[in-house]
Amino acid sequence: MDKDFAARRRRDLIIAAVLAVIAALTPLFVKDVVVQNILILTLMYAGLSQSWNILSGYCGQISLGHALYFGLGAYTTELLFTKFGVLPWFGMLAGGVVSALIAMGLGYPFFRLRGHYFVIATIVIAEIGLLLFHNWEWAGAAMGITIPIRGDSWLKFQFLRTKLPYFYFALALCCLAWFVTWWLENSKWGFWWRAVKDNPEAAESLGVDVFNSKMGAAAVSAFLVAVGGSFYAQFVSYIDPESVMGFQFSLLMALPAVLGGIGTLWGPVLGAAILIPLTELTRFKFGGSGRGVDLIVYGTLIVLISLALPRGLLSLFSRPKKTGAAR
Amino acid sequence: MGLLYGLIAVGLALIFGLMDVTNFAHGEFLMIAMYLSFFLFAFFAIDPLLSAPLVAAALFIFGAVIYLLIVRFAMRAKANAGMVQIFTTFGLAIVMRGLAQFFFTPDYRSIPQSWLGGKTISVAGIFLPEPQLVGALVSILAFAGLYFFIHRTDFGRALEATREDPGAVALVGIDKNRVFAFGWGLGAALVGLAGAIMASFFYIYPDVGASFALIAYVTVALGGFGSVFGAFAGGIIVGLVEAVTALVLPPSLKSVGIYAVYLLVVFIRPRGLFGSI
Amino acid sequence: MTALLETRGVWQRFGGLVANSDVSISVGRGEIVGLIGPNGAGKSTLFNLIAGVLPPTQGSILFDGEDVTHMPAAERCQRGVGRTFQVVKSFETMTVIDNVIVGALVRNTVMREARRKAHEVLEFTGLAARADVLASDLVPAEKRRLEVARALATEPKLLLLDEVLTGLTPTEAQTGVALVRKVRDAGITVLMVEHVMEIVMPLVDRAIVLDLGKVLVEGKPADVVRDPKVISAYLGDRHAVGA
């Protein structure tokens, strides 16, 4: 039985490594810039959704306000870069730390809330952040920040002529988020989180520190999402409050995980691999008309998938359960 | 304004609170009501105030149909029921927005000359805009009617009982789907009423619902889920807070006050002011 | 030797309702003690006070020589208090083994050891064959046993059992009784709340009868069942239930 378990863990790791290598090789064959763009976004959202999944999927604290951390990551990096000349790599780290600290600070009052009250509080806090940045003159207010162009350089993580470095960074981020999840899944934290999600009262009776479990999940989740945000800022090289802190980011982080299978290791990757290309393609194909066909197609798909597969796409592949074996 | 929020929120409270179903397409219901009101005016020159009952009736049917066609199935989900509802209704909202863009174009529209638009009325030396005043009046009436309906009629009790225990209700011969379809219709009708009134003084565009939906949620949560009275009280508080914030902060920050009050309230009372769930 | 668990003059009021008044009981090491009484006697309240769900209005609770009156449940678990829930609270989306690992993590920080401990406990409680089944797929009797297994994985000194035998078929109840004996033989003190006297009396070393929030009688099971006060309390209860 233990062998089964260890074998499954190893198998997951091998599959991930193979997928990562395949992904790393795709740019050799895919030269089209539009497709490369879609691949980058897919990898980024896979990573973001994986991070979101840590707090909302594993620990069960559904957040629809993760755009806050995404935006904080983006803003911290770019403010440090444009105002103080701090390199984006340090800014990225700083953004992650700032977001993790804010997530924990918010955790104190927020984690007392349950159900809808918690979800709405997360939406509201992200909206407050959005409005504050909208009105913060020093941070560019509604005008946002344009990242000054200094030419291609790894040091400044800026590339105009090629998208490949962004691609590899997005891949690295996705792999990191996956690996962190894989590692935490079989750790004390992973077990505590799932226990807290399923039944906090029982978890407490088994010595689980419920509050700190939530705090830990929030910090890890916020850190990774902020790194994603600061990557995105470098990638698009222009940020304003709506474009990095808008509600749509919170949803785009949640959707892949929900679609693929919330609280599972592979759900977010699978969900993102399907959802993001779909989003981008419908936008590419129908979006130009400005007549909302992309929205209709996209919305219909979401409705159909959520209705047909409440456990997510992953449930299609799950092995049949051994029920009734010893009854 | 607060009373209109109250009206939107009461509709939401009915769906969300009393039936314990999340509806992320609530703002889009509002949008549809406003368009309906606009077209009734544009083609038949019916003033929004007069068309309000028509719009409410249309939305009633719309809400009930949406329930029967889609939401009914979302509620059946055995796993992740909450997430399924959120994303089903969210997908629905996107579709509705897309359809609105497709048929009505993303242009901003407004009703140029209605009976109410732009007029003010002077009460004891204070000038009050007429549409808001009428809106307030309609809201109070609608709320009183609804309150009576929920607490004094068999249907209201059936609704509550159905949420509590659908199985037991089925035993006494109440069809859960009929009760809930009616509830959804009623919730949508209230939004229809609000939409019709708002159409006379607000721009109408496909995304208009989104800006009100979040505030409606906050309003319901502030009052406490499961309480129609709470939603109404929440609406009044939200309206007042918005007015006060507008005095001290720049207009673009007016919602911050509402959000801050929400957070403050739930930190002190995690179930809202009058909440039971 | 001092008692493992002691409550001193514990009161619990909910508004105007007095659920426990001046309850002082003690449980010695290695005992199986039954906490019984008619419906509404305050058993569950006292149980929750001992488990640390809420602090008493008045009085103090000592565990293993330490005042734990205001200690939260999670910390009491670390000190050696394990419990089950009357309404089972399994981690439904997790497998049986994963449920038990959560408990085992209290004393084993290395995952491999926690997993081994969890397997041991499943073997002990007879759930080994069901290790990889989701908790939501267990039958009710198995869920009860899972509750016990999870609590045992925390390696408690005192195991609190909340109506684990109630509602089981006679065969299932027999298996349950055997398991409780086995637990005691492993050196763990047991305090069990039961409503139905017939099941527990043959099992326990000592019985404490609560009625109307107070300790009515305590002593050897054979004496307790013959005590007129106990009989009338239960008869009164039966009348009330029958009415």
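For clarity, chains are labelled A, B and C in written order, and residue numbers in each chain start from 1.
Operating definition for what follows: contacts are C-beta pairs under 8 Å (C-beta built on N, C-alpha and C of every residue); 3 or more make two chains touch, one makes a residue touch a chain.
Keep in mind it's a predicted model, so treat the numbers as computed, not measured.
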Which chain is most central here if centres come from C-alpha coordinates alone? A
Ranked by contact pairs, first place goes to A-B
Top of the farthest list for subunit C, CA-centroid basis, is B
Just the number, please: Cα centre separation of subunit A and subunit B in whole Å. 31
So, in whole Å, the Cα centroid of subunit A is separated from that of subunit C by 43
CA centroid of subunit B to CA centroid of subunit C, Å: 49
Counting only residues that touch at least 2 other chains, which ones in subunit C make the list? none
The answer for subunit A against subunit C in the complex is residues 1-2, 4-5, 186-188, 191-192, 194-195, 197-199, 201-210, 263, 321-323, 325-327
Within the complex, which stretch of subunit B touches subunit A? 16, 22, 70, 73-74, 77-84, 87-88, 90-102, 105-106, 206, 214, 217-218, 221, 225, 250, 252-253, 255-256, 259-260, 262-263, 266-267, 270-272, 277
Within their complex, subunit A touches subunit B through residues 62, 109, 112-117, 120-121, 123-125, 127-128, 131-132, 134-135, 247, 251, 255, 258, 262, 290-303, 306-307, 310-311
How about subunit C: which of its residues touch subunit A in the complex? 51, 53, 72-75, 77-78, 82-83, 85, 89-94, 97-98, 101-103, 105-106, 109, 111, 114-116, 119, 129-134, 137, 139, 150-151, 153-154
